[in-house]
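Below: a set of structures, written as C-alpha cells.
One chain, subunit A, appears in both complexes that follow, with subunit B as partner in the first and subunit C in the second.
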Partner chain A sequence: MNGPPGADRHTLDLAIIGAGPAGLAAAVTASELGLATAVFDEQFHPGGQIYRAIEDAPERAGAWLTLFGEDYARGLELVRRFRASTANYHTGHSVFDISPGGGLGVLGPDGARWIEARRVIIATGAMERPVAVPDWTLPGVMGAGAAQTLLKGAAMVPEGRTVIAGSGPLIYLVARQLRAAGGNIVAVIDTTPRSNYRRAAPLLARAMLAGNKEIRKGLSWRRDLKKATPIFRTGASGVRIEGRDAVEAISFSVAGRTERVECDLVLLHEGVVPNTQLAMAAGADHHYDLVQACWRPKTDAYGRSSDPAILIAGDGAGIGGAELASEAGHLAALGVAADLSQISQEDAAERAAPAFSKLAGKAALRRFLDTLYQPRDEVLVPPDDETLICRCEEVTAGELRRVAEMGCSGPNQAKAFTRCGMGPCQGRMCGLAAAAVLARASGRSFAEVGHMRVRPPIKPITVGELAALDGVGQPPDMGPLLPTGQEDGAGE
Partner chain B sequence: MSTADVVVIGGGIHGCSAALNLARRGLKVIVLEKDYVGRHASTANAGGVRTLLRHTAEVPLALEARKFWHDIERHLGSDCGYHTVGQIAVAETEQAFEDLAVRDTRMRGLGYDHEELIDADTLKALVPAIARTVHGGLIVRGDGAASPFHATQAFRHAAEAQGVVIRENARVDALEQTANGWLVDHDGMRVHVSTIVNTAGAWGDRIAAMAGETIPLSWFLPMMMVTARVPEFLEPVIVNTARPLSFKQMPNGTLLIGGGRPAVGDLERMTYHIDFAGLKATAQTVRDLFPHLRDIPIMRAWAGFEGRFADDIPVIGPSAGARNLFHAFGFCGHGFQLAPIVGKLIAELVVDGTASLPTDAFAVDRFPTEIDENLSDRIAAHG
Partner chain C sequence: MFKRLYERRRPVAFEFEGEEVISDEGDTLAAALLAHGVRQTREAPVSKNPRAAYCLIGVCFECLVEIDGRPNRQACMTQVRPGMKVRRQRAADGTEGGGAQ
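Right, the complex of A and B next:
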C-alpha cells in the first residue's frame, strides 16, 4: 500500500474504517467473498465502543460478561469470526481525511500514508449527543457513555456520589452496570418528557412484536433501579450543573418544582447521534432527520452514499444499535462485492434477504424507541444564554444569538464570527447545537441552516508526519510563485 | 422593480470596498451576493498585506493601498486585525538570493525603495528560529497582515453605514442593457441601475458573459492550513521564493500556512477537496525552514475559489464591450491587500471617468474578446 501512486493504486478492493459491529461484519463478509480488504481502527483491539475490550472479557474476574449482558457476548462471536478472516487489520490507525472516490489518509504507528481503495465503508458508529446545560464543562461532568467506556475498557468505576441524568435506554443500562460494579448512584434523573410517552404509546404494541425481549428487559432494569436508587425522578427538565471549581450539585425541575441533589459526579446522556465527520469530509450528501434530531448521510439499502465509492454502515448512517449495525456491515460488504462484480447483483440480493428481513423486523422497535426518546427542545436548542456551546473556543449560546442578530446566518459563518467550531474537536461537539441555536434565532429549520463543513485533517497530524506522508506523488510543479524576474505575483 | 445608481455584483472584500467608495461619492448602491458576504476568497485567504514582490503594474496600487492599511481604523472604524509586522521573502538557495538581488536592482531602477535586500545574518537576527541554511531575503518593513474576516466585515459595515444595501443569497440570473443603464435580474426580482460593477471574483467571467463579454478567466483553489497554538517565535510574515509558501504566526499563537498550492474542486458545485500531495509539499517547506515545528499538530486545512488570469494580474476597468459596466476581479490570489485602493479607483472610473492611478495594465482588452453581436439589437429593443 506504500509506494508511488499509480503503481499500486486500487490494489485494495475495500477499506473499512472502524472495527465495531458494522466494520467487523463488513470485513467478515467481504473477505469471505474474496475481496482484498483492510480494516483501519483507532483502537488496539476489535469491538468498537459497544464491544470494547471484549476479547479480555472472559478472563476478567467476576461476572464480567453477565454484567454487560448477552449483547456483549454476541460481540465475542463476531470478533472471533473477524480474527479468523483474511482481512488485513490495522490497529492504532486514525483516518485523517477521506476524499471523493475513495482516497484515505491514514496515520498509524509507522507514520502517515495515503491509500486508494476501490471502495470504502465508513463504519465509525455513533457518538453521544453533547449535552450543553449551564456549567456542563465543570470537572466532574461526563457522558454516561464515556463512563461506560471507562468501565469496559479500564474497569474503572467512578468514586463518589454519582448522578445519572438524561434520557434513553443507556442511562438505565449504565446505572445498572455501575451499581453492579460498585458505583454509588445517588440519583437517576430521567428527562424523557411525559409527552413522549403519550406519542410513543400507540407504537408500543407493534414494537413489542418486534422486540418483546428488549422492551421487557428495559422495563425490568428501570424497575430495579427505581427500587435501588435513593432519588429517582422522571419527567425532569431544566438540568443545571452547580459548582465553583468542580461539580457540587445538579439541579432540575419536575412539574415546576426545582430540586437540587448534591453530588461529585454527573453523567449526562441524551442519546447518541451518528458520527458523520468522515462522511461529511468525503462530501457525501446528508439530510437532517427530524425524529433522531441529527444529520444522516443519504444511503441506499446497502449503505451506498451519494459517492459511488463510499458506503456507510451502522450507527454512522443512522442510529439502530449494535445488532442492526452488524447486519448493515454485512449488507454494505455485499453491495461492494456486487459493485466490483465479485458476485452478481442477484446473488447479492439473495444473500442480503435475511439481513433485510431482520432490519424490517426491528423497524417497529426502532420507531418506538426513536419516538419515546426523541430529544426535547431544550436539549437541541439550549435556552440559557450562558450555556457554553463550543467548549474549545468558549462560545456561549448567547453569543451565537447575538451574531445571528448581526446577520450570521449559519454555523459556517459562525466560525468566522465567533470561532465556534474552530477548536481541536472541529465542531464535533458543538456543531449540532450551534446550528440549532442559529436556526432558532433566525426562524429557520435545522435543515435550512445546514451543518458545519468538515475540514481535514479530521484527526490530528503533525507538520513532520504530513511532510513524510507516504503514497502521494509530487504535486504539480507551480514554478516559483513569486518570480523575481520580469513579472511577479503570489498568494496573500 | 427597485432602482439604484449602481449594482455591485459580488459581495467579497472588493465588492464591499467598491460599494463603500461609490456610496461615499454620493451614489445609491446595491450589492448582490450569491452566497453571503466574504464567503469565498475574501475570507479564505491568509490576510497578507503585502507590497513585497508585487507585479510592477500592481506596485503603485499596492503602495497606495498600504497607506489605507496603516490608517485602517480611521477609514473603516475597525482595526481589521491589522498589524505592521513586515514581510520577508526568504531565499533558500544561492540562486534564489541572486534573483532577489536582481529584483532589488530593478525596483530601485524604477524608483521604488520599499523593498530592502537583507543578508543571511540580518535575516537570522529578525527571524531567529529560521533554518541556518537560508541565504538572505528581501524585506518590506512596512508590510503586515490583517484578519480577512474582520476586514471584509469592516468594509461591509462601513458600506452599510454609508447607505449601501447588501442582499445576500441573491444570485444574478441575467443582465440586460437598456438605453440608459441596466436591468439586473436576481431571484425573480429586477433592479434598474445606471451602472454595474462586477466584483464577482472567480465567477467574474460568468457575470461578464451575461453582458455579452467573453473574458478568459480561470480559477484555482489556493490551500491554507492552521496549526495548534505555539509559543510566540515569529513576528514578520515569511514568504518563500523557491518553493511556494506564505507563513505567519497569528496573535493567538497559531501558525497560518499557505502559499498557493491548489486544492481540487468544482466551481459549479462550489465544492473542493484538499490535495494532500500539495499539503505535504508545503509541510516539507515548513519543516525545512522551521525544523522546531516538526511536532506541531495541524488543525485544519481549507481553500477558497480565486479567479486567475494567464498573466497573474487582475482585470480592473471598464468593459471592452458594454457601456456602464466595470470590472474588478481575477486577483489571482493576491487581491486582499489591494481592496481599499481598487474600490476607490472603481468609484473614480464610475463617477469621474478616469482613475487617479494607472490601470492600463489591467485593461480587459489585453485579452482577445468577442463582442456579443446581439447586444446592440437588445439595446435597441429597450430603447
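Right, the complex of A and C next:
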C-alpha cells in the first residue's frame, strides 16, 4: 500500500526498524554517508535485546559490566556512536504494517502515522525459539532469554528454585549470570543430543581457528556450572512441566531414566530464530534453513531482500550473533547508499571489504555452533498430543495432527480448522511448530508446507488509532498484502 | 518471584487489580508485576487458565493486560506510569484474538 494521499513521500532516505546492533550500526553508517535516516524502536533505550539497558550500566557500577562481560560492554561504544549520529531516533514506536515497496505504518506514543522512506532496513533481530512441551503454558515457565532480559533491563533475579533446561550457548551464559547475581539455580538440564557432539566434532578444529576464545570461554562456563550446580544433567530429553496453577516441578529423561526436580521457575531455551514477522508481512521471499531449522529471508550479501526497497540486517536474516549483526547493519547501510547513488558501487564494495572478511572469518565458528546446537526432532515436532502449540487459541499438537489427517494442507488452512495462529501473537509463538507438526503428519517437508502468512496490523492498534491517521476517509487498504490468487482460509 | 538487585531509584506507584504496587521509574510493567510477586497476567482465552509473561520481548503476548480501561496492552512493552490502573486481561476480551485483529 502506498499510504493515504496526505503522507509525506520520500522525505526520508532510510527508515530502520530496530535499535539493536544491526539497526544501530546501520544508522551510524547511513548518517556518516549523509542519508536522511530515522530509526524506529519499540524499546525506550537503544541496544536491542543483547545490549538492553547498556546506557544504565555505568550508573549501576563496574560490577554490572563485569557480570555481562566484554561482549556486552562492546555495545556501549556502538550506542555512543549512534547517539552522536544524525539519525532521528524514535523510541516506543512499533511498526504495525509494512507494505511491498517499504511503506510503514508506525504507532508511537502520539498515535499512528504512515512513513514513506526510499529504503527500509528491517533489523528486528531474533527471538527465542518457543519450546512447546507439556504444560509450558503454566506461570513460572519462561524463556532463559526472558530471565536475562529481566536481569539486564530491570536488574532483577529469580527468587525461588530455578531450573534451566535446554540447549545452546545461552543456557550456560544465563545460568552463570543468574548465579553470579544471586539466583538459586538448582538444576541445569542440557538437552543437546549426544549425536550432535559426534557430528560437530570434525568441525571443531576449524572453528577453533575462527573462535578459539569463544569456544574456550563456553567450555569454562560449563565446567564452572557443573561444579556449582546441585543437579547437572546432559543428554536429557522428554522435558515436561508439572503443576496446577503454576510450575511445581520439571521432569525429563536421561538415557531412559526419568527424573523429577521440584522448582519455582523453569527457564526453557532451544536456541534463537530470526524474528521474520515484518519481512514476511512485507511479502519478502523466504527459504527454510534446515541447519538453523527456521525460515530466513532471502538476501544478497548486503542484505537486499526480494523487494528492492527492503533490506534485512542482523539476526533477523539468519542467526549470527551481535558482533556479526553490527557488521551486517553496516553492510546494509552501504547497500542503501549505493542503491540511492549516494556513493558508487565500487566505493561501497571497498568500504564493505573489512566487514565481509570478518563475516567470512567467523563462518567456521558459526557452522560448528549450528551443528552442535541443531535442535533435535522433538523440539521441532512436539511428540505429545496434549502439548499446546498455539498458546493463544489453545490448539494442541494432537488437534493439528487430526486436521492433517482430514487433509488440511498447511498452516494457513489450519487457521480455519482450528484457529491456530489467530490469537494476539499472530503465529509468532506457534508458527514454526504448527507447520512442522502438519508437515510431519502429512509426510511432507517443512519447506513444502510453508509458513503462516503474516497479515497486518502486526501489533495491537485500536480502530480509533487507525481512523486518526492522516487522510481519514481513505482508510488503509489491507488488501494488497495478500498474495493474489491465494485464498486465505483464516477469515476474520 | 523476582527480586531487585538495587534499591528503587525513583519509586513509581500504580494499581494492579486495585492493589498498590511500588515499582521503579523505567521498569516495564511486566518487570514491575513480577517483582511484586504477581504470577498471573492474562487469563487464557479459551480455558481461562492462568498465564504469565513468557518472552518479555514483545513476542508472546502472554503479558497482555488492561491499562486505564484499554485492553490488549503488552505489559513488557509498556513503561510504568504513576497512577496507572492495571487489570488482568480477562478471557472475554481476548476470545476474538484481542486487539491485534
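Here is the rule we go by: the second predicted complex is superposed on the first by the 460 of 492 C-alpha atoms of A that agree within 3 Å, B and C clash if a C-alpha of one lies under 4 Å from a C-alpha of the other, contacts with A are read in each partner's own complex, and residues count from 1 in each chain.
Rule of thumb we're sticking to: a residue touches a chain if its C-beta (ideal position, glycine included) is under 8 Å from a C-beta of that chain, and two chains touch if they have at least 3 such contacts.
Note that the structure is predicted; figures quoted are calculated from it, not measured.
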First, second, both or neither for A:156, with subunit B first and subunit C second: second
Which of subunit B and subunit C A:422 touches, first, second, both or neither: both
Of subunit C and subunit B, partner touching more subunit A residues: C
Touched partner set for A:265, first subunit B, second subunit C, both or neither: second
First (subunit B), second (subunit C), both or neither touched by A:42: second
Touched partner set for A:34, first subunit B, second subunit C, both or neither: neither
Partner chain(s) touched by A:308 [first = subunit B, second = subunit C, both, neither]: neither
First (subunit B), second (subunit C), both or neither touched by A:461: both
Touched partner set for A:469, first subunit B, second subunit C, both or neither: first
Shared contact residues on subunit A - subunit B and subunit C: 422, 424, 426, 457, 460-462, 492
Complex contacts: residues of subunit C adjacent to subunit A: 1-6, 24, 26-28, 31, 34-35, 39-40, 44-47, 49-62, 64, 70, 72-74, 77, 79, 94, 97-101
Subunit C partner contacts - residues on subunit A that touch it in the complex: 42, 44, 49, 56, 60, 92, 94, 127-128, 130, 137-143, 145-146, 149-150, 153-160, 181-182, 245-246, 264-265, 275, 391-394, 422-426, 428-429, 457-462, 492
Subunit B-touching residues of subunit A, taken from the complex the two chains share: 97, 99-100, 105, 114, 283, 407, 409, 413, 416-417, 422, 424, 426, 455-457, 460-464, 466-467, 469, 472-476, 478, 480-482, 484-485, 487-492
Of all residues in subunit B, those that touch subunit A in their complex: 36, 38, 43, 45-50, 53-56, 58, 89, 96, 99-100, 102-103, 149, 168, 222, 227-228, 239-242, 244, 246, 258-261, 271, 273-281, 283-284, 286-287, 293-302, 311-313, 332-337
